[in-house]
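Please find the structures below.
Two complexes come next, and they have one chain in common, chain A, joined by chain B in the first and chain C in the second.
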Partner chain A sequence: MGVKVIIPTPLRQFAGKRESVDLEANTVAEALGSLTSQFGELKKHLYSDDGRLRSFVNVYVNDEDIRYLQKEKTTLQQGDTISIVPSIAGGTE
Partner chain B sequence: MKESSANNPAALSKEEVLRYSRHLIMPEVGMEGQLKLKKAKVLLVGAGGLGAPLGLYLAAAGVGRLGIIDFDAVDFTNLQRQVTFGTSDVGRKKLEAARERLSNLNPEIQIDAYETRLTSENALDIVREYDIVADGTDNFPTRYLVNDACVLLGKPNVYGSIFRFEGQASIFGYPGGPCYRCLYPEPPPPGLVPSCAEGGVLGVLPGIIGCIQAMETLKLILGNGEPLVGRLLLFDALRMRFREMKLRKNLECLVCGEHRTITKLIDYAEFCGIRGEEVEAKPLDIPEITPRDLKARLDRGDDIYILDVREPHEYQICNLRGHLIPLGDLPRRVSELDSSREIVAHCRSGKRSGEAVQFLQKAGFHKIWNLKGGILAWSDEVDPSVPKY
Partner chain C sequence: MLRVGEALIEKIHEHGARDYPNECCGALLGNDEGANRTVLGLVPLVNQRNDSPRNRFSITADDVRLAEKEASAKGWELIGWYHSHPDSPARPSEFDREHAWPWYSYIIFQVEKGEPREMRSWRLDDDRVKYQEEGIEFISSVPR
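== the complex of A and B ==
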């Protein structure tokens, strides 16, 4: 399935400054695997050492949080948009 | 201080009717709504980029009591986005300047100034006084503290957060709705996500996100419309796009879930992996050189290679004529460096170059130092003509 992964601003520096990446994948795990094999630096920002998705990084398929779907096993449809949304803290100084 | 109208929360004075006339002639607000605003008590955490539009619009709208927590002073780098303050306010306490500006904007309202850091010790006592909290903080410990205090006290928390040209907004802690921990159970470890001071922010962005927070705050008070509950609004200013993600209450949430374990405020610095007040989680084994010592050695004619690990656009602001390799590019460009030479790495403040030094040490470089305090310290101690940014 052809899907689009939207890279959030704080992580773009680890993804060749790309705003989004188009790739082929059948599940969220495949999509993120393909993404991190293209951009190795991204891996430690998305996964903890034990290989689990970090708890301050949420992944959405279209507008639904994968934690409430089948997590990384969530299957993808042609044209789906995957959004990586990390927590950001900025506001003032 | 004018007290007359504040003393009668059940009616508007003639002056107030005139001041709020554009609200009063709207059926969605009207006299009933304006009196709700007058009776409302809103706490602003932070008087910075998000706090500026929040304070200005909520004061202008006639929110009867505004609490503001901040302990910073205004500096020149704030003026690019913190529109409450003017150039003549630089050096003053933000609270003092904000109180003056907001009182001038609307003398009818009460402003409570808390010159303190929000802590686990004082948060419940302060938050308890208000109906709604608008969170404009810039760090994870305070975000989690505000969230937990609001959940424990049952107060809605109007959330906004920004980074460079992206923003997030939502309402947490609304009855039956999710909280910040439902969205993000844990903060990132320090250093993994760049802060605003490192990452920068387009000045209008906090204006837009802060205005969204102000609008949602007014809607909560008025009880009108569809509040931003259960939805995470994502804003990308560069592409001028708003997107919305579904946000669900996490049944396993530690503070608002079915089996909650957090029933009182905790140590948020520890929770966020931060010891002390500084985010610098700097191990002690990074060799450093002070700007003065570096200058002395360069003046003596020592052969020292200056490595600048900032970004190209920062190099254009000012530089020490070093060789530029941005920190992110260092792993693949390390071959450009000669490990037999003495190398001093620097960045703006010394943080990124500290990471560069650690990386290069692991890569086998032994004659390498971090310029202590970066280009900021160089400007202070050696060459004031180098601009600080």
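== the complex of A and C ==
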């Protein structure tokens, strides 16, 4: 399936300064795998060392949070748009 | 260098004092001109960490998208975030680092016994290992 991944502004510097990347994928996992193999520098900002999506990284397929779909196993349709949106967290020690 | 108008600094301080002893948080909207950035507006947000708001803050992805839309509507960018450290120094914690992305400017300011004190800005290195301090230039009026 041909899908589009919107790259969030802070990460565009690691994706050839692109606002979006078109790629072929059947699931969200495949799409993010393809994206991070194409742009290896993105990986550490999306995934933690154990290979899981970082807790503050949210992924949407056509505005639907994948946590409420089948998470990274969510299947994609031709023309779907994937958005990556951080939630912001922090605090004192 | 992060340029911030005094009126906006005052608003950030007021937010921190109002929410003390809890952490306050909000979005920084403005222009990114490469080495220099100018904050042109703020989106004060609600700290969603109800379980430990005195030493943690959280901004939902929905609020992030809201701030992005507000920036876009004004022809600006969402260039960073501010949050307070109640009774703690204005430097990033390990918890801050684990939850940050490069590129964003992170303003942290200390609120000591309810009084806003030191304000500093930080940017995470591309390798995620540590932050670099970004100087803040306090300006009396924001150029448009």
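Keep in mind that, in the parts below, the second predicted complex is superposed on the first by the 87 of 93 C-alpha atoms of A that agree within 3 Å, B and C clash if a C-alpha of one lies under 4 Å from a C-alpha of the other, contacts with A are read in each partner's own complex, and residues count from 1 in each chain.
We adopt the following convention: a contact is a pair of C-beta atoms (placed from the backbone, for glycine too) under 8 Å apart; a residue touches a chain by one contact, two chains touch by 3 or more.
Everything numeric here is computed off the predicted structure, so don't read it as measured data.
Novice: In the overlay, answer first, second, both or neither for which of chain B and chain C A:H45 touches.
Specialist: both
Novice: Which partner, once the models are overlaid, touches more of chain A's residues, chain C or chain B?
Specialist: B
Novice: First (chain B), second (chain C), both or neither: which does A:T9 touch?
Specialist: After superposing on A, A:T9 lies in contact with both chain B and chain C.
Novice: Quick one: classify A:Q78 as touching chain B (first), chain C (second), both or neither.
Specialist: neither
Novice: Given the touch rule stated above, what does A:Y68 touch, chain B (first), chain C (second), both, or neither?
Specialist: Only chain B; A:Y68 stays clear of chain C.
Novice: Looking at the overlay, what does A:S87 touch: chain B (first), chain C (second), both, or neither?
Specialist: In the superposition, A:S87 contacts both chain B and chain C.
Novice: Would you check which partner chain A:N58 touches, where first means chain B only, second means chain C only, and both and neither mean what they say?
Specialist: In the superposition, A:N58 contacts both chain B and chain C.
Novice: Overlap of the chain B and chain C footprints on chain A, residue-wise?
Specialist: Touching chain B in the first complex and chain C in the second, residues 8-10, 13-14, 41, 44-45, 55-56, 58, 65, 85-93 of chain A appear in both lists.
Novice: Under the stated contact criterion, what part of chain B meets chain A in this complex?
Specialist: Per the stated touch rule, the residues are 46-51, 70, 72, 77-78, 82, 135-140, 143, 160-166, 168, 183-188, 192-197, 199, 201, 206, 232, 234, 239, 243-248, 250, 328.
Novice: In the complex of these two chains, what residues of chain A are touching chain B?
Specialist: On the chain A side, the touching residues are 8-10, 13-14, 19, 41, 44-45, 54-56, 58, 60, 63-65, 67-68, 83, 85-93.
Novice: Quick check on the complex: what are the chain A residues that touch chain C?
Specialist: Within the complex, chain A contacts chain C at residues 8-11, 13-14, 41, 44-45, 55-56, 58, 65, 85-93.
Novice: Okay, in this complex, where on chain C does chain A touch?
Specialist: Spelled out, the residues of chain C in touch with chain A are 23, 25, 49, 52, 55-61, 64-65, 77-78, 81, 83, 85-86, 88, 92-96, 99-104, 106, 126-128.
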